[in-house]
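Consider the two complexes below, in which chain A is the common component and chain B and chain C are the respective partners.
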Partner chain A sequence: MATQTLYETEREELISGSEAIAIACAMADVDVITAYPIRPYDTVMQYVSKLKADGAFDCDFIVAESEHSQFEIVKHASAVGARTFCGSSGVGWFYAFEAITVTAGLRLPVVAMVGNRALDDPGAFGVEHNDAMAVRDLGWMLYWVGTAQEALDTALLAWRVAEDPRVFLPAAISCDGSFLTHSQAIVNVPTQEQVDRFLPQYDRGRLLLHPDNPITVAPQVNEDWLMEIRRQTDDAMRRTSDVIREAYEEFKQVFGRGDDSPFIEEYMTDDADIVLVGMGTLAMPVRVAVRRMREQGKKVGFLRVKFFRPFATEEIQEALSHCKAVGVIDRDYSYGSPSYGGVLFNEVRSALYDLDDRPLVQSFVAGLGGREVLVRDVEEMTQMVQDSIDSGKVKQVNTWIGVRE
Partner chain B sequence: MSTVAVEVVYRGIFQKTLARNIVRTIVFAARKEGKIGTAFGRYGDSPERNGIPAKQFAIVSDSPEELEENLAVYEAREVDVTINVDDTMCKGIESWAWYGLQPINALTKPGGTLIVTSRQTADALIEDIHQKDSAYNLAIVPASTSFSGLWVYKDDHTDVRILGALARVCPELVRLDSMLAALEDQGWGGLKLTSARNTHDRLATRPVEPGEGSEDEPFSFDLPGWKSMEEGLVIKGVEGGTGFRGGSLGEGYDPIKSNASGDTSYEPTRNAVFKKFSTRSMRPVINFDTCIKCTLCWLQCPDTCFDVTPDGLYDANMEACCGCAVCEAVCPVADCITMVNESEFNDNNSQWEHWTKDKDSYHKWMSELIQVQKEKDATRSHGYHSPGTYEAESEAEVALTGDDD
Partner chain C sequence: MTTMTQAPPQTVQDLPQVRGVKQIPVFEGFTSGHRTCQGCESALVMRLMIKAAGPRTIVVGSTGCMYVANTTYYSTPWVVPWMHTQLGSSGSAATGTAAGLASLMRKGKMQEEPINVIAFCGDGGGVDMGLSAISAALQHDEYNLLILCYDNESYANTDIQVSGSSPWGANSTFSPPGKVHRIMNHRWKKNTAPMLAAGHPDVRYIATACGSYGPDFTNKIRRALTIGGPTFIHSIDPCPKGWDYDPKYSHELGMLAVETGIWVQYEIVDGELILNGPSRAIARGIRPRKPVTEYLQRQGRFAHLTEEDLKFFQEKIDESWEKWWIPGIVPFGPQEEG
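Right, the complex of A and B next:
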């Protein structure tokens, strides 16, 4: 196979998060990839088609006539036992939503990349997390990537977990538009041997749609069936945590890299009075700000949520139980939500409710539509959290950061 | 110095691959010295549009922590070296990514260097470049504007010559030997290495003092706050019914008198917050006396840049012209429309107005420009080409540069 000559030795490449995922597709020997262009996701289809044209990757690469068909095709391909990949961004992802919802219901392990983009209108290219966030209630696993390296690694992890018969759920990998999809970083590309060791073949087993295995998939049902079906999917999602943990441990053994936890990244949180929480490339300016504030003697830390679904309630409770206050930075919004806060904020605040000794929790909406979140913005947010600690309560729950008045 | 940033300012499509080659090679070369870097395009630039000014960056640091301070941003805050691969952009740049004109040296650090590929003299370039409060250096790589783009890659050594020049002006970024090694890694040997070394050795640099350069105020626009914006994404349009140049076309309208009286209300209007001054590398010069009023330029211009004048002529509005040269190609009159290199112009005024006011002066101006353009014809690199032009230019270019010794 051509891929084996390309990936015989581990090597460094200067690639974007999108290229990293395209390489992961080749190394995972994905059978069916569907595409429909929308920025910033389309960078993945460019690189997949380049790999295919270069003879480095053999797959069925289907450019559909719309996102809806794009996601329908991989759904069906997955049902007949093909390893699949697709993706989209912003309103393109929304156009596919009928197919996206049924994919989880049918327990099909499609892996998709969401190049996070602001939802129209206005037409804008920049990152906002509301697009991917829309699958949070549908039975998709949902992961926010922080670097191009993590994009490659997470894609491999995604197929491994999604295709585990204990799970059989789709997985979405969210990559911040521009900062991951269009920025090239040094990435360690593993060997094919490593990938083959980590990632078994997809085996659909008794659920395989095939003439030799006569089955019907997705009949119409009434109220007498639906709750049981939902409860099954719920149970599958509950099982993902253990499968992810198990797969991640093996990932670290095979590839020799990885964090302590597959679900969260903790940065200087151990003795922190204030812990900031965020997802994706927000981590970059926040970590810089945390380092600077530490130099000034301020006890600040950062928690990056990687898996948004499943939401690592216990790990997040543990990580935040020792601090005085939490500042959640959302690159999304939820109009009319509790306290008019961000989505992640309300999830984190909810998770902390059961703690006997709860920290204060404050919400920040920042970086919408790809607006840069700067180190000084992070310092400003931290100061607001400190003010809450000093006054003993959060006076204004949500604050918009960096918006022109 | 722990972090060094370089920007490449290029023209969309025509020079996209050139820019990409330059920034990627910088990161590869720095890697040879144990440094870590990132390469990225200015997101939102839309470099898929012909001729639009666009940017790519390379940022190199000693450590990942230092590099992180420069990640998840669209532009470096300041750069050690600005590389401009089309000298017509010395007048400034307005990409799709922002509103207003950014001087070409806007991000260049005090004491930094601006490298321009040009056949003009330093003094001629400085005349166009906006003045700065701080001193910097201007280095010229003698070359015509390279056409090394997305679809056609004219391998004229501009990439390696720029990289050789870069190692000379910024050895703290990367030494020449590392640069040459990185070039070799990419399969560029022989003449290309010689070109890189020669440009490195022969590069002439001229200090530019504070206050030296164009005194023009770069045009800019105020972005409104959320409280002052119209709701529902509504943007006020240009009022209709006011006729050519906003003035009444009614009884007694005299454009000359109107102008003499200082009435500027008849300026024709286009997009109030996006000008295309810097998009073009050429502009049409029109001989109004030979115009037969056939309407073809007005019909065929893809940017509807022609204003119909009260006397039935067609005036190319420089707010809208992208310099594509379609008008020149479709004009049936031999000497009516001539495309002239943008660097020959110092303003964006109406040609028709000039002609209306003083025909002798206009003819003198026009003839001189056409003469200059005829002499320079080999350097015409962008815009509409008739079959065979490209080959002819390539030969002329080789004869002109003869650098490969």
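Right, the complex of A and C next:
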């Protein structure tokens, strides 16, 4: 096959996060892909369509007439046993929301890329996490990618976990708009043989919609059965943790790379008094800032949350249980939420509630609409957390960073 | 350079045309278990549809009566594989199902065989919300699929609300006649099938249909499924609940819709218009159109119409037969010389 000749040998390429995911699509031999243009996610579809045009990738590539149709098409293709991929950004993701909701309800393992973008209006192309976050309660797995390499790796992991019959849930791969979708980095592209070893074919089993298996999918259940079905989805989400762990261990064996945990990444947290928490490409300036502050003798560390759903409660508790204070940096907002804090902040603070000895937790909203988060911003946030430690309590729970007042 | 083109349109099943009621297949794919209203013509449309298509068919149904009233958990009437899709998604559901099958068969991941793909929608799902997705589906000539719009001229599942396919003046829970405004629905019924035919000239088959004419209906479903590529059928379904008449008259009202010239029965096959049954006889002047009152006055939804209203309705129908470029179908024509 043409696909195999392209990926016979492992090699390094200078590519963007979007291109990395497009290559993952080809290597995973995805059957049906649907596209609709919106910046910044749509770069992935430009690469996919080029791969198909050049004969490097055999898939049914459908340019839908709206995001709603885009997500409906893959939903139905998935029901008849096809491996699927689609994606969107910002308000496009919201336009598809009805389809996105039912995909999880139907337990269909669609994999989608979200190129995180601010929700218009007012118009803004840059990254905010509120678009993808909107699925957090619906039964989608939700992952925030930090690098182009991780984008490729996570896409492969996503199909593997989503299509596991113990799971059968859709997965969204969140990539910070521009910073990840458009920025190039060196990516190690695996061989087709490795991918085939890691990723079995999608088998819908007894849920396959086919004349040989004439089932009725998604009838009216009403109050008679809805709670039981919701509970089944909850059980499936609970099972994802073990399936992810298992798949990630195998991933590391097959591809020879990966972190300690698939759920979180810890950076200099071991003896840290202050741990900053964030997601996505925010990790880049924060790591630099942490290194600088360490050089100045400050005991600061960073925890990057990778899987937002499932939320790795125990791992996060463990990682944050030894520090004095936590500063959560949100690239999102949640108007009217507890303490007017960010979404991640409230999730982290909630996860820490059960600890006997809880650290202080402080919320920062930063980098909205793609505004850069600078090293000095991180240092400023850290100082505020230090002030909380010094005074023994958090005086102002949430702070917007770098806002012109 | 490797050439990798889309697979040619899949092969189709052998579904011969029937001559008369006795040749309609015995096979039942839509059986007991549904809880549609007495006299529901759409239930008959479902039954005829799947009889014509046969067991090697996947049916996808968008939200509406034929979802909610049909498929109660544990008592589905569907003998064939059936799946729900969202209200505006019949076009996308058909495309996704057909694309999935095509891709898997082309790549050797699924045994190759022609499987019929039918997505149905009501007038709310098709004529209103799902129009854009249906239009998109009709552009994919690489997939064999049929979209069937069963039109009972209102959102009949949600308490009878007016849709873009409701007739002018019809009483509905969103267009009730009142003390000040007698006519609340001022919109004329959308001319859906011709709109889709004109807008998608590569589509090989678009037809209107009516369950009152069983063999004709069967043959239309079969032609749509065997001609290749995406196809569309728009059927008029009398609805006792929404139209307010005794359920025993459903069949008769379907015929009256055609005989009054309000509904025109035709097929557009590879760009050629073929009028069917009474519509053909009317167009040829072999039989006169019955007055619209014979149809309208049988239905409670038009009970508030005055003589003047009925005259207006008749004039609009007359105009569509006498002034339209193609009577009852194409309302515009070339500019007259001079």
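Operating definition for what follows: the second predicted complex is superposed on the first by the 405 of 405 C-alpha atoms of A that agree within 3 Å, B and C clash if a C-alpha of one lies under 4 Å from a C-alpha of the other, contacts with A are read in each partner's own complex, and residues count from 1 in each chain.
Everything that follows uses one rule, which is that a residue touches a chain if its C-beta (ideal position, glycine included) is under 8 Å from a C-beta of that chain, and two chains touch if they have at least 3 such contacts.
Quantities reported herein were computed from a predicted structural model and do not represent experimental measurements.
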**OP:** For A:270, select first, second, both or neither according to whether it touches chain B, chain C, the two together, or no partner.
**Re:** neither
Original post:
Does chain C touch more residues of chain A than chain B does, or is it the other way round?
Top reply: C
Original post:
Is A:260 contacted by the first partner chain B, the second partner chain C, both or neither?
Top reply: neither
Original post:
Is A:235 contacted by the first partner chain B, the second partner chain C, both or neither?
Top reply: neither
Original post:
Once the shared chain is lined up, is A:126 touching chain B (first), chain C (second), both, or neither of them?
Top reply: first
Subject >> chain B versus chain C as contact partner of A:10, first or second or both or neither >> reply: neither
**OP:** Classify the contacts of A:179 with the two partner chains as first (chain B alone), second (chain C alone), both, or neither.
**Re:** first
**OP:** May I ask you to decide whether A:69 touches chain B, chain C, both, or neither, giving the answer as first, second, both or neither?
**Re:** second
Original post:
Can A:137 be said to touch chain B (first), chain C (second), both, or neither?
Top reply: neither
**OP:** Would you please give the residues of chain A that touch chain B in one complex and also touch chain C in the other complex?
**Re:** none
Subject >> Contact set on chain B toward chain A in their complex >> reply: 24, 27-28, 31, 36-41, 43-44, 65, 68-69, 71-74, 223-227, 233
**OP:** Name, in rising order, each residue of chain A that touches chain B in their complex.
**Re:** 12, 14, 16, 40, 121-122, 125-126, 176-179, 182-186, 281-282, 284-285, 287-288, 291, 370, 372-375, 403-405
Original post:
Mind pulling up the chain C residues that touch chain A in the complex?
Top reply: 1-4, 6, 55-58, 60, 67-68, 71-74, 76, 78-86, 88-89, 91-97, 99-104, 106-107, 109-110, 115, 132-133, 135-136, 140
Subject >> chain A residues touching chain C - in the complex, by the definition given at the top >> reply: 2, 29, 31-32, 52, 54-55, 58-60, 62, 64-66, 68-69, 72-82, 84, 98-99, 102, 201, 209-211, 213-222, 224-225
